[in-house]
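What follows is a set of structures for review.
There are two complexes below, and they share chain A, which is joined by chain B in the first and by chain C in the second.
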Partner chain A sequence: MVYAFSAPVSAQQFNETELKAAYLYNFAYFITWPEPAARDFLFCSYANTPVTGILARLIDGEKVHDRPIRLLIDPVPEQLHECQIVFVPVQQERVLASILEYIRAFPTLTVSDVPDFEQRGGMVRLTTEDRRIQPVIHLQNVTRAKLAVSSKLLRSSRIAE
Partner chain B sequence: MAIGGFPKFGSIRRKIFAIAAFTALLTALITLLFFLSTDYHHQKLELLEQSRVLSKMLASNVSAAIVYRDPNTAEEILAALKEKADVLDAYIFTAEQQLFAAYHSKNAADTGQYTPDAALQDGFRRLFDGYLQLGSDHLFSADALDLVVPIQVDQRRIGFVALNLSLAELKQNFRYTVLEALGAMLLAISIAVVQARWLGAKISRPLLQLTANIEQISRDNNFDARLQVESQDETGVLINAFNSMLDKLEQQEHNKNALIVNLSHAKWEAERASRAKTEFLSRMSHEFRTPLNAVIGFSQLLAADTAHPLNAEQQDSARHILDAGLHLLDLISELLDLSAVESGKLTLNIASVDCRTVISESLELIRRQAEERGIRISSQTPEHEVWVAADRMRLKQCLLNLLSNAVKYNRPHGQITLRVEVEEQWVRILVEDSGAGIAPEQFELLFQPFSRFHHDQDLIEGTGIGLLLTKHMVELMGGELQVESRLGLGSKFMLMLNLAAEPPPPETRS
Partner chain C sequence: MQLGFSSHLLAMANFANTSGDIRSIWLLCIAMIAPRSGLADDDSLERLKALSLQELTATTVSLAVKNQQSLQEAAAAAYVISNEEIRRSGMQSIPEVLRKVPGLEVARVDANQWAITSRGFNGAFANKLLVMVDGRTVYDPFNSGVYWNEQDYPLEDVDRIEVIRGPGATLWGSNAVNGVINIVTRTAQESRGALLSAGTSHEEPGFGTLRYGGQINPNLHYRVYGKYNHRDDFHFSGGNKAADDLDVGRAGFRSDWTPDARETLTLQGDYFNGTMQQTLTGADPAVPAMPDRTQKQGGNLLLRWQRNLADGSRLQIRSYFDHASRQQMRLDHRRNTFDFDVQHSFRWGNHYPTWGGGYRFNSDLLTQKLALLSFEPNRRDLHLFNIFAQDEWRLFGDDVRLIYGGKLEHNDFTGFELQPTARLLWNVDPQHSLWTAVSRAVRVPSRVEHDLNALYNFTPGVTANIRGGDSFKSETALSYELGYRFFPNRSFNLDTALFYSDYAHLSTTEPQPPIAVGGGVLVPFQIANMAEGETYGWETSLNWRASEIWRLQGSYSLFGIAIHRDPQSLDSSAEIAEGNSSRHRFNLSSYLNLPYQLELDGHWYYTDRLANGVPAYHRLDLRLGWQPNLHLELAAGVQNLLDNRHLEFIPPLDNPVLSSEFERNYYLKATLRF
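Coming up: the complex of A and B.
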């Protein structure tokens, strides 16, 4: 029997930006990429969101499956396909379509907090509901890019059709 | 021996039984203790290992829930623990050791084992700190196992899972194991006991059989019997040894019996020969007497016939014939007496006899014979009457025999001394001569029939049965004949007779 969870710890100590950075960072561990070409695990983000700064702190010196993590801020479109994860903040919404277009054929996880991200071809949207940030995962878009999402992550996410 | 040995055989069986039972019991106990302690330890380890695996699975499954701040999912995952009854409580803590999700089994709440949440959580926090510092991830208490397992994403620790497990099931299992082991032990011991009885019987049965056979054999003296050898072990060896001993006994028994048969045959032959000899002597003596009586009678008639008186030469010849006939009659009488004595037919008429008159009569009869050889006879007899228990006629015969020997074996012009000694019970009549004497080695031959051992024996007439006859007759009268002699100094024969009471007056003149 499960007792009521009386003292939730969720968003008390962390603000939304910090949580988004943490969530973004942890996708590296719950997503499986096809065999990588480069040695480094490359995060790509944009300087116009506070999330990037926090992410830079989080990933400093960390590794994903023994691959050192590197953060690429404001990548040029030609660099986008080298990224394993691309975060497109809502501030970057105007170039969203072109970014997605650049990486369509590559196994790059696209994450965003743009409200209709998954309808526009994105893979993972970070949504805020009841003061709780939750990943919304569009499985078709993810699998089309030959990526696999851990069931552990799926259990704590919402699945979009 | 066999009766005394019987309980010992029983005790071999008992000893084997005791040894086997003791060994079985000891082995079973040691094995049981070892097995149970090992098993309990092993069960605890197994529970720990299972719980570790379970916790690691939980830790892996809830990792995303922690990362993505999803306690509901975490509790759903924990809820699956209701399938595992011995998990009383399960907690998930964040890296900051704050409670993230919890699970409590309904059992724990219902049975009152539910520990207040906060105390348990603090316990887990301490356990986890201990794990981080010392590496020990579990803690066994009297009836519970506490276990913590870190939750990791890649190398990063993001929290830990804590389980509180009941040991009730383990203890119950252990009780079943104890019961099973005890059952197995009892089974093993009973098998050992049965086997020991069988083994004991197997060992003692041949021994008991052997004992029974030995008793049978010694009771029946039947050495033909042989024991069956059923096994090649020590009892078989024993039985074989016993059988070979029986072979020897049988052989010896056979030899002994053969010897007995031979001896008894020889004895029978000897007795038959002796009887034949006695009978022959008796018959021949008798047959001799008839013609001899004619010789004696007619020679007396010749000498006494006044109608045709013989001249001096004829008279002398007739007297020779008479003397020789009488002598021959004496010899034949002796032979008859001897055969009568030897066949037990001689009957004596024992009465109180005054030995002085018998002695003087005997001396009178021998005097002429002694004088012929120039031998002087001196006699010392008591003044008064000496009564002895004897047959008068036979006593006289004995005395005459001793005196005649003393004359015959004396040297010419020798001497004969006759004395009578009276003691308390005995009367001793001694006849001493001054002859050649008897060598000690010849004493044994003295009383053998027909043995005459003087070198000049051919010159002395006699049959050699006189002494033997005397000895027999004296013994029949309850007396004894002894002899002392020294070679060259003469011999001394002692005739001992029982002293008798004086008879009533009318009886004495017989």
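Coming up: the complex of A and C.
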């Protein structure tokens, strides 16, 4: 048969879980938070998704602007507002509404792969379309929480009205 | 067809050379022994970390974890019920949850039996709908039906229920004539922790689930569960109590091993044991109804291995063993099934082919308990082979997709059966898409149609002898479908489909010349294929997120059916299927999130009358849920609020089950998660 399609031999294949974790990791560098109260940069996620395990390995030993990154798995509601980024996987959809309610007043970036996340008040949805993962950013929900998105991230994302 | 269970839509990304088929089998062998790289090694972790945002956006997914394509990309009438929709439906069983699917016919026969089909020909063992649990078929070759009261799972661990209305035979094989349902459970990693749920309702005085999910190491997760249900008797229309209770316990496990990101090995199994009752019309006019108790048990063990090969193609090998045993007053039925399937998907330029094959072995033993009912032979081994190939050809920059292929099957009753399909999807723009399809599907003879030998005493001195036979052929259907989807924005979508199906060789029961036997008359009836028919319909559903806290779903379906006997046919009940499906059906669901972590949900279902004597009915369900924290969930609700009870289905003459009525049902349920 013929070489109908070619790609760099070195091209590494990643699965959906890995790419979602990589996006989450990147968000730490392309979002600006109001001046921090705590020393550590806190990621929050849930044990029921494989994304959490990959994320844990990606952030291991890493820093954001000299702040060590920590990962909090299965945060209780009272801890949620301490998170800089909360990932609510589709497996935790049942508590999505109350998570968003708890952190409404705080500068926490909310990320999810729930299909209508931005319509429910969420900030960044990770969508899988045609075998690619892309962030969909709801700017109004982001700025309401006093967060700023870098133009570089905006260029790689879709903007939801 | 493109929804999740089609592993053919797998995600294939970058490849250099796909020189095809035989080579891939060798690759498989090599892959199994060769050392592999994946995220397990730090190297690829570093590469993942180093990807720029731009590169991340451009990277294609190598292995779609869920295989869940967006609805817009399916060239079929597809629908998915999510875990969250199951939770908020208030339903406590899989068959009841299916009421939510637009166009699906779901009717309660009695307290523990359902008649469920898609696009017509409904019955307590509707024979044109293929049902699978994690890829394991639960369609029984004995009577070409599904024992719905044996299909259960902790609903909290059901990830989704995928439904395709219309034929799906090219990928899933015979009997996927009018639809395919796949019940997909969560992976072990997605169901970690302890879960305890218990509840009580008018219908089910006690039900409970206990599940624990844990990890042995970061790549190996498992869960185990146990579940118990007791369902109480319903009542007949006259007010008398039916004998149709159910008591079932079940237990199971699932483990998922992901040695690296490109490979998963799943081992899962379930076992159930219980009793159910049904009420039968008495053979003796002096005893019009008699209870019939069945002792049931069954189990299965399934192994599935998926791997992305080095050339970017994907391979899946699946094998399972399934056992069922039913001890009834009239018959003891034991069946063992062994199944082995291989599926390979790859990319070749703009083509995304999937091909594979499988073998299934069915062995049963039917022990005669009444002189009047026997099977010849009473023990039978059946072998089923299949090969299939399907290609998705993407044209005009992926906006047009032509999907074509076929499955060739060989079964012991009718020999070779070919089931081809051709589908075309056109994504007109981001807001509109159109699809159309032509497919052929067959329903192969069941053990009953081939080997039954039953005697019925019509009147004193006149006995009917119903016989199956080797001359019974497969029923066939040729279906034409047209679909349209509209996505004006993220908050609203509309999905609609039109279909027309042409059926041939439909089953009839033909009376033969009577024979004088002793002092009476014996009338032989031969199961034959002497009818044909057409169905047509329109199915439409919409989904609207009205606000951050409120979501609405609605659907409407119109259905029509006509069955025609051959001129030579003498079967007066050949057209009976015309009376078992309703012309109009709609439902409306509302999901509302209130302050204080409260949820208020309402579901309204309407089913038009059935011509065989079931009046139209409305059903309204309300649910109030409260999740004060991550660990506790309380729910209270009412089902069928609008009437005390109503009839939903009357089994046809050949099924002696007496139907009872679905009652108003209050429930309370508590769920604890740690």
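The rule is simple: the second predicted complex is superposed on the first by the 149 of 161 C-alpha atoms of A that agree within 3 Å, B and C clash if a C-alpha of one lies under 4 Å from a C-alpha of the other, contacts with A are read in each partner's own complex, and residues count from 1 in each chain.
In this text, contacts are C-beta pairs under 8 Å (C-beta built on N, C-alpha and C of every residue); 3 or more make two chains touch, one makes a residue touch a chain.
Note that the coordinates shown come from a computational prediction; the quantities given were computed from them, not determined experimentally.
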For this session: Check whether A:K152 is in contact with chain B, with chain C, with both or with neither, and answer first, second, both or neither.
Result: both
Larger residue footprint on chain A, choosing between chain B and chain C, goes to C
First, second, both or neither for A:A47, with chain B first and chain C second
second
Given the touch rule stated above, what does A:P77 touch, chain B (first), chain C (second), both, or neither? second
Fill in: Which of chain B and chain C A:V64 touches, first, second, both or neither
first
Note to self: Per the contact definition in the header, classify A:Q134: touching chain B only (first), chain C only (second), both, or neither.
What the structure shows: both
* **Partner chain(s) touched by A:Y23 [first = chain B, second = chain C, both, neither]** => both
Request  = In the overlay, answer first, second, both or neither for which of chain B and chain C A:T32 touches.
outcome  = neither
One more residue to check, A:T143. First (chain B), second (chain C), both or neither? neither
Intersected contact list for chain A, partners chain B and chain C 1, 3, 5, 7-9, 11, 19, 22-23, 26, 30, 132-134, 152-153, 155-156
So, in the complex, the side of chain C touching chain A is made of residues 11-20, 39, 44-45, 47-49, 51, 53-54, 56-66, 68, 70, 73, 82-84, 87, 186-187, 189-193, 218, 258, 261-262, 308, 312, 347-349, 398, 489-491, 545, 548-549, 551, 593, 597, 599, 627, 629-630, 633
As the complex stands, chain A meets chain B at residues 1-3, 5, 7-11, 19, 22-23, 26, 29-30, 62-65, 132-135, 150, 152-153, 155-157
Interface with chain C, chain A side, in the complex: residues 1, 3-9, 11-19, 21-23, 25-26, 30, 47-50, 53-54, 57-58, 74, 76-77, 90-91, 93-95, 97-98, 101, 116, 118-121, 128-134, 152-153, 155-156, 160-161
Contacts from chain B onto chain A in the complex sit at residues 60-65, 67-73, 75-79, 82, 94, 98-106, 109, 153-156
